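These are the structures in question, set out in turn.
Shared chain: chain A. Partners: chain B in the first complex, chain C in the second.
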Partner chain A sequence: MGAELGKYKSCVSARTTDKEILKFSQDGGIVTSLFGFALDTGIIDGAIVAANKEFYEKNPSKCILDNSNFEMIEPWRPIPAVVNTKAELLAAAGTKYNISPNVALLKEATRAFGLDKIGIVGTPCQMQAVRKAQLYPIGFRDVGASIALAVGIFCMENFPYQGILQLVEDHAAMKLDAVKKMEIGKGKFWVYGKRGQVVSLPLKVTHKYEQPGCHVCLDYVANLGDISTGSVGSPDGWSTVFVRSKIGDSVWAKAMAAGVFETQPIEKVKPGLELVTKLANEKITKNKKTLEGRATFGVGKALRNPYI
Partner chain B sequence: MADKITVGYTHLSGCTGCTVALADNYGGLLTLLDKYVDLKYMPTLADARHIQKVDVSFVEGSVCINDKLAVEEIKETREKSAVVVALGGCACYGNITRFGRGGQQNQPQHEAYLPIGDLIKVDVYIPGCAPTPQMIRNVAVMAYLLLKGTKEQKDLATKFLTPLMKATETTSACFCDLMVKVINQSLCMGCGSCAAACPVNAITMEYGKPQGERDLCIKCGACYNQCPRAWYSFDVVDNYEAINEAIMAALQ
Partner chain C sequence: MSKVVEISPTTRHEGHSKLVLKVNDAGIIEKGNWCSITPVRGVEKLAVGKTPEQVPKIASRVCGICPIAHNLAGTEAMEASIKCEIPNDAKLLRHILQLANRAHSIALHNILLLPDYYIPGTETKINPFTPEEPVRSVAKRIQRIREIGQTIGQIAAGDCIHPRNTRVGGMYRNVSEQAKTKMYDLAKEGLTLAHQQAEFMIAVIRNYHNRDFVDVGGMKVPMPKTLGYHNQGYLATHAFYGSSSLDECPSWDIRRFKEARPYDWYMGEMEVTLEEPKYPIGGTTKLGTKTNPQMEACTGIPMYDGQPVEVGPRARLVTYKNYDEKGTAGQNIARQMEYQDCFYEMIDCLDELNPNGKVVADYIPDGDGSLGWASNEAPRGTDVHIARVKDWKVQYYSMLVPTTWNFATCSAALTGAPWQLAEVIMRGYDPCVSCATHMIVVDEENRLVAQKLIQ
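What follows is the complex of A and B.
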């Protein structure tokens, strides 16, 4: 294959030097630190992230809610939000394993929220959406040039909210509002409770709850982020980082010069790029098969293929 | 640059929002006119209004089939243009003019409006209500490269324009396209592009999937065409950085 990791200028294993961020972040705190640095230095004037109910309660003007009443918002349901400070970034740090439609805020960020230089974090498919919006801005007037830093996060699959509900409450037998962190790694789905309890589920239990739209997805490592990052490939608490575009290169160099991250060469860490490559190939191969299957799904009738 | 393409602009039942969007390219529009485009006729921005033989014509608005002049104009546009571009939701899909029922002053008998693709063959769509200045700019630059560029530029322009050519196979649009062609086909991944693209905020994201307020929908087609799971070309989008740079350089 060869293209499974996308184009990149450099790749390192990295971790933030800010101990406070590490308390809240999912992995090496790359996303939160990058946006924090970009806010401090004026590279961006706000970032679109995945916040939650507590955040919304304190900052209702920073989110746009769907049709739910406030009372209806469940724990661990992501709410896309525009944040402008480190404290707000920290409140939205960490992975929510269900869908946060961050691109839904991308136009409004330049309107009601008044941003000229937007940061946005998202899954590989959301990075695809951002780049399509720049090249084919059918409904994104005056937005494309305002996207100042798009950070992609690796993604094998996502879940509908109700899938996470079933995994955590039925399979792992924990209440969602008692959960501190969720994580997928080492072949398992991990649920960490606020009281210190840890439950892990084999990944095969999780598969049936995956968002079906993920099964045609051909990008694992966010090929279209300016910078993209994930845990896979690096030691615990560290992140694998691909610096991809000119924008990404410039922001990363400035952040390194300012001492925002400590790094190790990716060649020196275990399990390294070998595992990233393997997982990327597995995802792409499996999902290409799904696409082939869709072509002969019915009797002489295909399901639609979005890729031209 | 001597090698300009000739362009015309036919204005049918449209609100002039498309014209304004084109003009909102400001300096970019002047560069286009200076370097690449010889604007032969256009009701607002050129002296000549009458349809002439051109390489590319842009059509704003749908066709009122009760208006003889409009029907003649769209046919003449087709006959005299090598490439016809439907500009904006009304020309592509009927859009808000789909809701026309006649009875308005001073032409109450004008009641039926069709997207231009129901009367003529259309080559390229630029959907959106209004279409965005940047989308018009990108298509204009690509159309130029297709007609006058080097071989590589022609290849790139073909790839870029292909989805917008294929889009001409349909002449109606609605929020329902997301239900029928994306969600029902198990393709939606919840990015939210559709909600951002909708000009009338008819779409909210409920648990990561679009929910349409169908009474608000004006049938413009922006949501579906913006959706990465409606159509998506890796050949084009993977090279977003180089293409963006090329477009910006062309307008320097």
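What follows is the complex of A and C.
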């Protein structure tokens, strides 16, 4: 495989052995289990995750401070929060196909939250931001050394809240409140209702709701996480896991030794790494066109290419 | 026949200032002027028309060592003007921030003072940066105290330099239980170090002042027993925190305060007639240079009952505990004696702090233009901010900064000392000159003095 999958020490298909987590998790429960294990063993003393407004109502002091729209009823809006227990992790489990500004809580985690070893989950661009903060700590004094575990998730593109709102409530004709889970897979956007309904939309329909800023991203599998994970490449209920850094390797090895995960070799599963590579290359090719287009856009001045 | 010697710039303190000294034939100061030559920033004028949340953040930028004092005094002046009481947990967080900053500041001042002093029992002056013992352990301890202070400060306030958690009405957010535990652990460690450092510094200070002669740039200078003595009196508003016009019994009286232009208290135009190239470092100002403290001084002269007063650690100890040691030795020892309470009081505040308590006032009025003032007992002394807020806009803002109070007082304290020890007297005030120079001074033709200097 080329550079499209980033550097990694190992790759497996994995699933948590904790049945309770599987009830709430998106796929293999990798992120929830990793943070749960890391909290239990003191590898981290808090994790920044994408919780939701229900969590915010019960635990406002654990969430990001933002006075803009907390009174509005917005089911499925992700709210970044610092969590410390398994119960809190479960309350925040599951993918929200929405922008969740986790990095905005990173500095506060070392300040008012008093953390010394932070776990953070994020999309590829958020992993890039975390590493930038570690290398160029302007506005991030004393933060870099406190990042104990950064978990990246695969991402083709993200959506603003209003985009998902319209996709679910108009295109899929369901109330967001009534949604139990959302998923992107097999070329479709799936919406699962609490009462058992399943609606799927062709991915083509979702394209115009994508966040435009995502179209310059050349990172599908979170190249800069300590560990990166996503559903693509693994069977239903399992996740593909890339172990990338020394930190990631150490944490993963400890978690495996403690029996937190069951794994299968990625070579043995369908659809396997070929699909991950194919999608990664599709993203990179597609977005490179946006970058090239930007070079001649505008009044005699190119729009910024974040990769040069 | 008096001679004039000028030391410019002065060193080992924050900011830019100079000493213009009229001395007799024996080199003893007859009259001394200590004046700021830091350029004016005009923060008080910038503030007019801004919102009350912006102004404390701008005021904070006046200084990087004591931004806390200005941020807290500014915020509380706004709250005093709009008459807003803040929740107790917000008060506790502010107290913790104040004490943490004080610990770091005293430690920093230790580094600035130490090169004047001797390793007790020897003729070796202390170089805080030497890798040799016993000084290296002291330097490490100083740095650890500073690190502890700044870390606690940044947990309570978001950032230790230019706090971002303070807001009009309280604080933006409370700390977590984990954060409280971390601050507590650090405070306990800091307390042990504070005891050790205070003991060391007091021994070194006493050793220095007990000597008959000290060395300044190779010159043997007699050490007077009354070095730095003055009888200007003291001003303090609280043992460690401050007061405001909202208090039931405010400890500062605005009616007793007046401010004059430096013209009243400083000497006029003179020429330097005494030069000493050996004076560390780089010698004193060249013969024949013209100097004019009245016109060059960049601060106003605040007075209490028409006289300059001393503010600072000794002022607090005198006001609240009848401390009676005078002079530069007394000042520096008083400062070391404030070390321990930084942590004792902080531990008390942490014990009382409820991480689940609310930290923002329920109701924050817009302000009706009433005058409000708040004082903050900064490490260097009483910092009073005065504000008027109407309809959420600042109409008036004034900062009476500790070192501003001390400029004329220290000038008075210079009389009777050998001129080579003038800087030693000045350092006893732990000057923060940038803080002091934030206002515009207008001369008799109503031209801005700062402008005149630039021309």
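As a working rule, the second predicted complex is superposed on the first by the 299 of 308 C-alpha atoms of A that agree within 3 Å, B and C clash if a C-alpha of one lies under 4 Å from a C-alpha of the other, contacts with A are read in each partner's own complex, and residues count from 1 in each chain.
Note that in this section a contact is a pair of C-beta atoms (placed from the backbone, for glycine too) under 8 Å apart; a residue touches a chain by one contact, two chains touch by 3 or more.
Computed from a predicted structure; not experimentally measured.
Look at A:100: by the touch rule set out above, it reaches chain B but stays clear of chain C.
More residues of chain A lie in contact with B than with the other chain of the pair chain B and chain C.
After overlaying the two complexes on the shared chain, residue contacts for A:125 are found with chain B alone; chain C is out of touch.
Looking at the shared chain after the overlay, A:141 reaches both chain B and chain C. Using the contact criterion defined above for the overlaid structures, shared-chain residue A:87 touches neither chain B nor chain C, since it reaches no partner. In the superposition on chain A, contact is made by A:212 with chain B only, not with chain C. Residue contacts after overlaying the shared chain place A:46 against chain C, while chain B stays out of touching range.
When the shared chain is aligned, no partner comes close enough to touch A:257: not chain B, not chain C.
Of the two partner chains placed around the shared chain by superposition, chain B is the only one that A:224 touches, whereas chain C remains out of contact.
In the superposition on chain A, contact of A:108 is made with both chain B and chain C. Put simply, chain A uses residues 108, 141-142 to touch chain B in one complex and chain C in the other. Remark: chain A residues 6-7, 66-68, 77, 80, 98-108, 122-123, 125-126, 128-129, 131-142, 144-145, 158, 160-162, 211-218, 223-224, 245-246, 303-304, 306-308 touch chain B in the complex. For chain C in complex with chain A, the touching residues are 151, 154-159, 165, 172-176, 178-183, 355-356. Taken together, the chain A residues at the contact with chain C in this complex read 45-46, 61-62, 65, 82, 84, 108, 110-116, 141-142. Taken together, the chain B residues at the contact with chain A in this complex read 21, 126-128, 130-135, 138, 160, 162-164, 166, 181, 185-193, 195-199, 204-209, 211, 222-223, 225-226, 228-234, 236-238, 240-241, 243-244.
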